[in-house]
């Protein structure tokens, strides 16, 4: 039995709050159990220098954690004067994953920045960020379409992400912090709306994993992501 | 008539949500109209080097703004690699104000860090931070008292803060962003539970102010802070 | 009796040396007792990016302290790689105060930078910086007028600043370091040539202050600034 | 046919030069086609603060690229004053991978730092770094064993890594820069001496990949790593 | 004839003001023509980590230039967040030169920091810094001897420095800014009290120099330094 | 007898490997005994902002040392976030020395960056960098001439550098690390193809040096540089 009393293939309770804050074009609070991430999408009518004049847009992401989102207070990165390697790695992952959803040419010369700020952390913040950010992006694009600033929808597919891992020899879905910190293997999966992979990132934490274990984790994650995508669509329909 | 339809001496709707997040010893979401600040108090059983071995505690504050708390996205300070002068000035002000509430010797060799993170900004974020942080501090200290880690209460007084200003020639209380950005004079007041001043910071924004105007602003602010302190006490009683 | 044998309402001996260095358009050494600040005004024929093409000028300030201006050597900010919160706060105050003296439109697309470098510190360096910088600015503008680069004088008013505080229960004017480090309340006032306020910054250092004490400090400071402005005019006349 | 005339499952010519430089305890130049990385292992008799007094050792890695290792000169990270997100991500990967080879308790309170510096880049620098660093680590540990500083061998398994990807629809092994920059999917695999996985990092670059494609890539990579491990053993035997 | 009407072998008017500021153990304003550098010596009763417990002291130097010491305002290094290569090079030179004067073992576990801050620049600031810093060091050491904190004098020799150069084909002594900026060769010499060399730093600025020219410069510099050392001794005697 | 069994006036075994890496326009590995530096020349068709539109080119240099080029591992400058004063000083020296070889007007609006990266250090890395960088520059310019991008050769002279020093009272040529770390005087000389000086940088390390010693060092260095230039020409001829 898992510490949270969940079955191995059971997601944590999931909740999306759209329009959580009012300034951003898209603003979604995603809650996966006790993990809460505020994902905002900000639209800007220009692109970074390396893309200027090519008629293409850009999607990028930034990730942060409030100092007391964690059990022990973590030092504020702004005060330390730099973002950690972990932060940079996560925001690169979020950016890549969301770019996979979008036809950048159809977006036109615009940048959409997805800010994923963790208000409370209990494992799985990077995958929650991706799943929430897709919804914020969807809302921001819908606003551009509604205002007539875009004629065609540049979003090509739905994106969601989940973590899977092996804990005490058992493959489990959607690890919370307690499980994450003792997992033998930890894997993050990002998939599109057709069940194809965008990212597969598996790491052995102390014990190498076999091909069979990898297969089990992929199956577990694929099923979990299907549920997350269903929930995303429900949240959009619930307007 | 003010843009928000308020009377000159009227505060914005005020709401405190205690235990907004679960890890921190104190965690208060303060909402002053559309301004929303998450204030957490984190207790650590050591003090900075300059205080070691003196039997005294320390209260410090950090301030941050989520990139899309504002109407236009602001660059993330962690990504820029440094905190702005404005941020440093605000967090110094919050720290000084809260230290005025506490007998540091009675706190013992502990540091309490007040993190004030603006989720949504609409003027008055620094005064809302102080008012909310006092409540978070109160909750954190109450937890130390309840656990028997402190025998006596080190909090000596109640602290709240408000902004006042002169907008189109009229002294007004608790400015929102629209007023703040056109004010001729802008003043932040911090007061204790006896109606004495902790901080008075008045700045002419384009038009110098007379002694009479200063007096009017002080009166307006004093009355506003009395209301804020009543609300703080109500929030504590509502447990 | 004060440590310096002054009456509570007595300024320290004051001296202005104009043209202290030769390259700057304005260069004033201000000495307030043992506090000595070199204030230079540098004129540049362009404005920062956010003002370009608006036909307006800009006044800005930077503040620094030589490492051994103080009793104990302070680490050099250039070597540490960043300016402290205190430095940033002071230079923002100096810049705001001096901008209050100038019609930026009449200045045209020029930037005047006021560098205030403390050669020796004995309390009140930020207010001495403002009082000295106004004179350096006056000299720089007079040079532009004399050369015909400006047709009309953009300076609209005279600016001076002083500190006041409560030391051992007594309100006193123009604190030196010994008084400043033991003051219960510390206040900096900046006023224009009509006796109106530009900045009022009062801080309780351990003991909150009452409205009566605030009034006493404002009266003391107002009288002190009148004397400082008389001395500024005398220094200009003494050419 | 691949640009390099290789079959899809063919590695690039591989060469290890041990003792490439003389100061390091282990120093290996690995050449995978035109990619050349100098991997050095440096032994230090202390551990980072977070491990002190636990009787355990530490393995860490740093990664760098000479400015003109690449076709266009890349700016020197030391001159820019920070390491890029890509660099941090790679060195975290190398460190994790090599730690998987070692019983840190058997290593004792020592740190071994693996510096992987790319002298010439033609794709696959991170996987070449891992494969070369294992050999450098092996040499460094052998020196400690030979000198009697270690009684038992803390290396538990052999580690090697390779990249695989889908280029123009075809799964291929060990991509060079030309292939890497046009790949639809890019995957890095790290495996131990028992054919178990340490890291699986697959990224869709523009086209999501199916489960079947993932399986093909895993098979290709597994076979490639077996060859790399054979070559590592041959290099060790050739002493 | 030189721009300043000096003979080729003529120093600029030289003036030392001892005790220029009051906090430092040694505080000397050196004026070489229009170049003015404030040199302070600060004594601290500890040494840097790399020297602890060896019974030896340390002499170090820092160099800075006020932003408007120069004809065009130079950006403040503290605001830019780093010291330039030129600044680092100069302060390393000053530190090395002064260490050559002192028996570090006789100094005991103390650090003396020489801060050389240029108030006004007109060429030769680094050599003026060395010449002035020696006097500040002498004063600081004399204070330690007078207070009985040192029993024996750790200063072993007198140090002074001067610049020489080839301007329009003529070797000249003690270049001012006009000459320095057009010199074909620029050389800084540091010598001890026995006429031996501590530093010889000659640089061709556009035209390489012959052995004969080098000899002429060395002779000119040697004679100039003798005069500077005579002036240093006179300044000490004038107490 | 020297530790390396060399005569006082004997260079270390010298080897140039041209085209050591393949991307750079010039790429030379210079080996002076155990010191090995990779010098690459990178051509870019633009100049830094301060030179734009003047029809002139620019030559600049950067210097780095691999962490384990040294006997003890040195911290990576990219990881520390800044280049040391020593590094900045060396790269300024290399840049100045190479600019002395080139008619920048004849180079046209191009920048050539010389990256000198020390793979293995055993003393004399800065002089080896200069000697090797000249050859890399020569190769890069020859490529521009061969491609017809330059009509005339902008290189005006040959540049080489060597270190000399006084070790145990004896003037010696081309010090290795053992000698360098115990030398009483250390001098670096840079000369052109006519035997004229570009740089003379002599530093007393603990013992001041006399005019006679300086003369001996200059003679030794001049002879050594003649041999280095002969070897440079031989390497070019050996194509």
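All chains are identified by letter, namely A, B, C, D, E and F, in their written order; residue positions are counted from 1 within each chain.
As a working rule, a residue touches a chain if its C-beta (ideal position, glycine included) is under 8 Å from a C-beta of that chain, and two chains touch if they have at least 3 such contacts.
As the structure is a computational prediction, the values presented were derived from the model and not from experiment.
The chains in contact with chain A as well as with chain D do not exist; no chain meets both. In terms of the distance between Cα centroids, chain F is separated most widely from B. Each chain gets one centre point, the mean of its Cα atoms, and the points for chain B and chain E are 51 Å apart. With centres set at the average Cα position, the gap from chain A to chain B is 33 Å. Averaging Cα coordinates per chain places chain E and chain F 28 Å apart.
For chain F, residues touching at least two other chains, in rising order: 81-82.
Starting at chain C and stepping first to chain E, the touching chains follow one another round the ring as C, E, F, D, A, B.
Within the complex, the chain F residues that touch chain E are 82, 85-86, 88-89, 91-92, 96, 100, 157, 187, 191-192, 194, 196-204, 206, 208-211, 214, 218, 222. Looking at the complex, you find that chain D touches chain F at residues 21-24, 27, 34, 36, 38, 40, 42, 44, 62, 64, 66-71, 73, 76-79, 81-83, 87, 113, 115, 117, 119-120.
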